[in-house]
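Sharing a structure here in structure tokens format.
Lettered A, B, C and D in written order, each chain numbered from 1.
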Amino acid sequence: MNYGEVLNNAKTIIGKKCRVCKECNGIACKGEVPGVGGKGTGLAFIRNREKINQVKLHLDTIVPEDKIDTSIELFGRTLKYPILAAPIGGLEMNYGTAQLDDFTYSQAIVGGCKDAGVIGLTADGVKDAFFQDPLKAVGENEGWGIPTIKPWKNDEILKKISQAEEKQVPAIAIDIDAAGLVILAMLGKPVTRKSVDELKEITSATKLPVILKGVMTVEGAKKALEAGAYGIVVSNHGGRVLDHTLATIEVLPQIAEAVKGKMKIFIDGGFRDGVDIFKALALGADAVLIGRPYAVAAYGGGREGVELYTQKVGQELKETMIMTGCNEIQDIGKHCVSYSF
Amino acid sequence: MNYGEVLNNAKTIIGKKCRVCKECNGIACKGEVPGVGGKGTGLAFIRNREKINQVKLHLDTIVPEDKIDTSIELFGRTLKYPILAAPIGGLEMNYGTAQLDDFTYSQAIVGGCKDAGVIGLTADGVKDAFFQDPLKAVGENEGWGIPTIKPWKNDEILKKISQAEEKQVPAIAIDIDAAGLVILAMLGKPVTRKSVDELKEITSATKLPVILKGVMTVEGAKKALEAGAYGIVVSNHGGRVLDHTLATIEVLPQIAEAVKGKMKIFIDGGFRDGVDIFKALALGADAVLIGRPYAVAAYGGGREGVELYTQKVGQELKETMIMTGCNEIQDIGKHCVSYSF
Amino acid sequence: MNYGEVLNNAKTIIGKKCRVCKECNGIACKGEVPGVGGKGTGLAFIRNREKINQVKLHLDTIVPEDKIDTSIELFGRTLKYPILAAPIGGLEMNYGTAQLDDFTYSQAIVGGCKDAGVIGLTADGVKDAFFQDPLKAVGENEGWGIPTIKPWKNDEILKKISQAEEKQVPAIAIDIDAAGLVILAMLGKPVTRKSVDELKEITSATKLPVILKGVMTVEGAKKALEAGAYGIVVSNHGGRVLDHTLATIEVLPQIAEAVKGKMKIFIDGGFRDGVDIFKALALGADAVLIGRPYAVAAYGGGREGVELYTQKVGQELKETMIMTGCNEIQDIGKHCVSYSF
Amino acid sequence: MNYGEVLNNAKTIIGKKCRVCKECNGIACKGEVPGVGGKGTGLAFIRNREKINQVKLHLDTIVPEDKIDTSIELFGRTLKYPILAAPIGGLEMNYGTAQLDDFTYSQAIVGGCKDAGVIGLTADGVKDAFFQDPLKAVGENEGWGIPTIKPWKNDEILKKISQAEEKQVPAIAIDIDAAGLVILAMLGKPVTRKSVDELKEITSATKLPVILKGVMTVEGAKKALEAGAYGIVVSNHGGRVLDHTLATIEVLPQIAEAVKGKMKIFIDGGFRDGVDIFKALALGADAVLIGRPYAVAAYGGGREGVELYTQKVGQELKETMIMTGCNEIQDIGKHCVSYSF
């Protein structure tokens, strides 16, 4: 199998809901929730891509030749690339096919990421199985996955963290930006916004690093730091929880200026290839979560598709480093790019 | 009935004049006057939408959870949401159907708004009935509506105010930006621009709060204040009286800086959903008038359609407040948004 | 006849070369020279329109009502509106029809403008008749027209000025930006750039006011002033002599700042309706030349078409003055508009 | 033959790979590598054109008339225009036809440029013949061509320089931005980035002027100067070695500010006609390389096509100089243009 075949397969399987566009930019699917689009006008998703495209690279090849090393350290482990798969749940509803359920999808993502030397996040949902099934897939892969928990009541969260600890996962994530999913309350299991104190209760109850996903302001990043988070994901939930937000890459530089080095900064929202990863690192991210393209890879090629896609992005990152005079991940910085948001 | 059905019904009734576009942005109908478009190039209408889209929200869910209260106080009464229906007249001419006349339209708007806990404005025109009929609909709803009067000669205006007072309405509006409708002079009943003194004569002749609709400059807002207005509507008449004006949201911040707190600031021009309402409030408006979408709701669902649309927008506003860390209307401010006009 | 009929007629006559677009903006005809488009990429023409569209008006109707006066004084005469018809030559070649030749076209333009209370400019060309024929049409209208002369050798220019003086015209124009028409040299009659001294020789040899057409820089405007010009036309020749110039409205404010009041400032390039005229006046022009739309009017309605078009634009200017609180032409200024070039 | 026929011929020969678009701007062919497009999103190529279009000219014809001289001195020789043909290799693969191979293509380019008074660069590749064949074509034209060498190991480069010296070429070029072509390593002949010292070894080993092609930063330009280069080509390899770079014209002004006068500054990337050449000179380039349009000319008209295209561009440059008040190349400067990148 090669990546071209993965894309072609995916198109036949999920083409009605996700068109597997040449550039996955939120335009064809705008407003499609359920589905894979951004909420409302879809502009939050679309802007994520637009702003990434506005970051430009500085080509410079007058440097001593050296080996390129794309690896990073996270949670005391080594990832081959600064890439993670973002959590995606509700597969059947959003992709309009029973081809993969939350369990088989998680197997592909967690396994394929492991094979490629990176790590995948799994999702959560209103039914217990929506968390347990993905966690089972993590267990099958020696705990090489990061479970995501929705912002339920704290005891529910703590119970799920215990279950994750049993699988010896390296970290857990809470997608705090799911607080606006009023549908969950309608289904009898409300999510809520969380105060710093409530988040402190969680981070101090576990030895696992806790990642707070869905921070879009400097103020929010500082509160996450105060709450004891291991890291944040600068994220607008792919544009699916609030219309008309800023783009994630757009708020990254100021957030990095405020908290870089004090906690890990992850980001997601529109990152597609190795050049995009490079841009995020240049503007202050430690690593990047990729969402929709991993789903395409999983539908089109299963575990192997996920591995192939990761390798493709990793190789692109490597080539980008060659052309910008960078040899290691820490060489990548603001001097490598121009941008005007 | 649900809102999707309202839209579908509307399309069959007014689809030739108003296409009931997915995004009501003035592009499909540009230049169509009569009709529902903006005048000339249509760019004044189109820019209203474009500039609203340029305001971006700051997502932050790390806050203590609390109840959301969307209500505001106006004219000593409580509205469930900071939303009003804008006055629309000449229904048959502009929408190309006899389905609703100025009376039945006003019944749907005033009644539906009342049912949803907000308030509707009614319109005026060259014939006496164009003011009396809508006023009758207000009367049927215990005066729960705001009549709008065109900038006729002052005695004509004062006579109409007296008629409105009899219905115990909470306020009256004068759409001073109708001064350029030279067609009215051709029909024998000219409208004119008004000096501060002429406006003072009106505001001092009634105990009703007087709202001046059609202010687009700081200078104009200060003159309205000097004239004793209860409030202004920042409005370019939906782009229908002058081509190539600035957008209303674009002039709002400077107007708010000049007169906020000294008089009420309303705004209209391209506001469509709850996120749009939030943006207007963040930039200094006390409440927002919505025009064309209310007409769509009235054609597609009558009084119930108007109520359904209001509830939809109100719910969207509520969800937006959840995601931006706001619990009450006064929590919404400039710190919640980014914009560059 | 009404203006809608004029447009429809025109479409049948010149539709292959000039599509009589709803917005005459240089896009459909780009690069068509001969034809009516801009040279090369056509972007000079297109930018003229784009930049006019970027000027926005300040609506304000809280002013004392008064009569609107659109008239101006030029060359000791009164024009009903600050509008002139720009010179257009080579009709048959550019519009692809023998319907009008340079003589009959000039009759329509000069006569129609006179009827409407404004004044038309006529054109020049490589053959003697291209100047003589239009001049004859001016003569038929009591000299109520302004002949334009190409930048030939000075004695040729002076000879043509003498001929114009005999018709008692109010002024003559020289389109100095025709210097780049290398085709004229190929046809045996070269045009050239002119030094300040050469231009001085011309302005001092006649009592007629001399208008230099084709100035796009502050430096150029100052040189025109030094050369004794009565006025300049800020013009890029409709984008037909040099690709990729700035827009005329874009350079107007700085030119006005340098020479306003010391000489007359005319402008052309993309002005279409009364709002456009208003914008030019607000940014410093004394009057505006309109080109292509006058040709459309002449083809579609002859002398009457030219009159009808002028009245339409004049009425639009009047309505724009009503809505911006202006009563006389000198009330129109920078405070009436916003722009960011 | 005329240039229109050249274009029509080309369309029939290479139309499947290169559509011979009216404006060659990288949109139709984006992502097509092999092919003629930009890499990945194609935005590096596209931006090259966009930014050139954002440079605008200052028209001024009030100047003393004089003769126009477009010639420049380079390598102690005189070129009729400040134009060079950029090196293009892999013809059969990228243009999808056997019509021209690297040898016959080089014959057309080198010969046609010579006939028109300018000079062409030839290409290099993984096989020896890819360098030898073009060099043979240079030899057939008395050495009137500039061979380009890929950044192989230094001894390989030095060997090829010796071969070039035998043909008495005026200069050699090294396209250092080819360092990212990992395909070459896969084919057994890796290219690498070069340190300043490695480049010094090359420039000091030959008396030929050495041009380093592929510099996009001030830092890179200073390193090239330190390495003893005769000149640099500001180039992003037509957008084919790294996605999302800045445009070449965009970085030119700052590079010119740093090294202008200390070494020659060439540029390529999207330059198509004489106005484009003028813009590059105004922003600091000494001469401009043109790539894709020369390939179109060679396919469509061979040696004669190359000559015709050069004359067309040269004539356009001359006309642009007339309209901007420039008589010699050194008259062209920043005062002739406006730009905002």
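By definition in this document, a contact is a pair of C-beta atoms (placed from the backbone, for glycine too) under 8 Å apart; a residue touches a chain by one contact, two chains touch by 3 or more.
Quick caveat, the model's predicted, so the values are computed rather than measured.
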item: Subunit D and subunit A - chains in contact with each; value: none
item: Proportion of interface numbers common to subunit A and subunit B (over half same, under half different); value: different
item: Interchain centroid distance [CA atoms averaged], subunit B/subunit D, Å; value: 59
item: Cα-centroid distance, subunit C relative to subunit D, in whole angstrom; value: 42
item: Numbers and ranges of subunit A residues touching at least 2 other chains; value: none
item: Graph class of chain-chain contacts, one of line, ring, star, complete, other; value: ring
item: Chains that touch, pairwise; value: A-B, A-D, B-C, C-D
item: For the subunit B and subunit A complex, residues of the former touching the latter; value: 22-23, 53, 55-65, 273, 275, 279, 319-320, 322-325, 338
item: Complex contacts: residues of subunit D adjacent to subunit A; value: 31, 40-41, 43, 47, 151, 176-177, 179-180, 182, 192-196, 198-199, 212, 214-217, 219-220, 223-224, 227, 236, 241-246
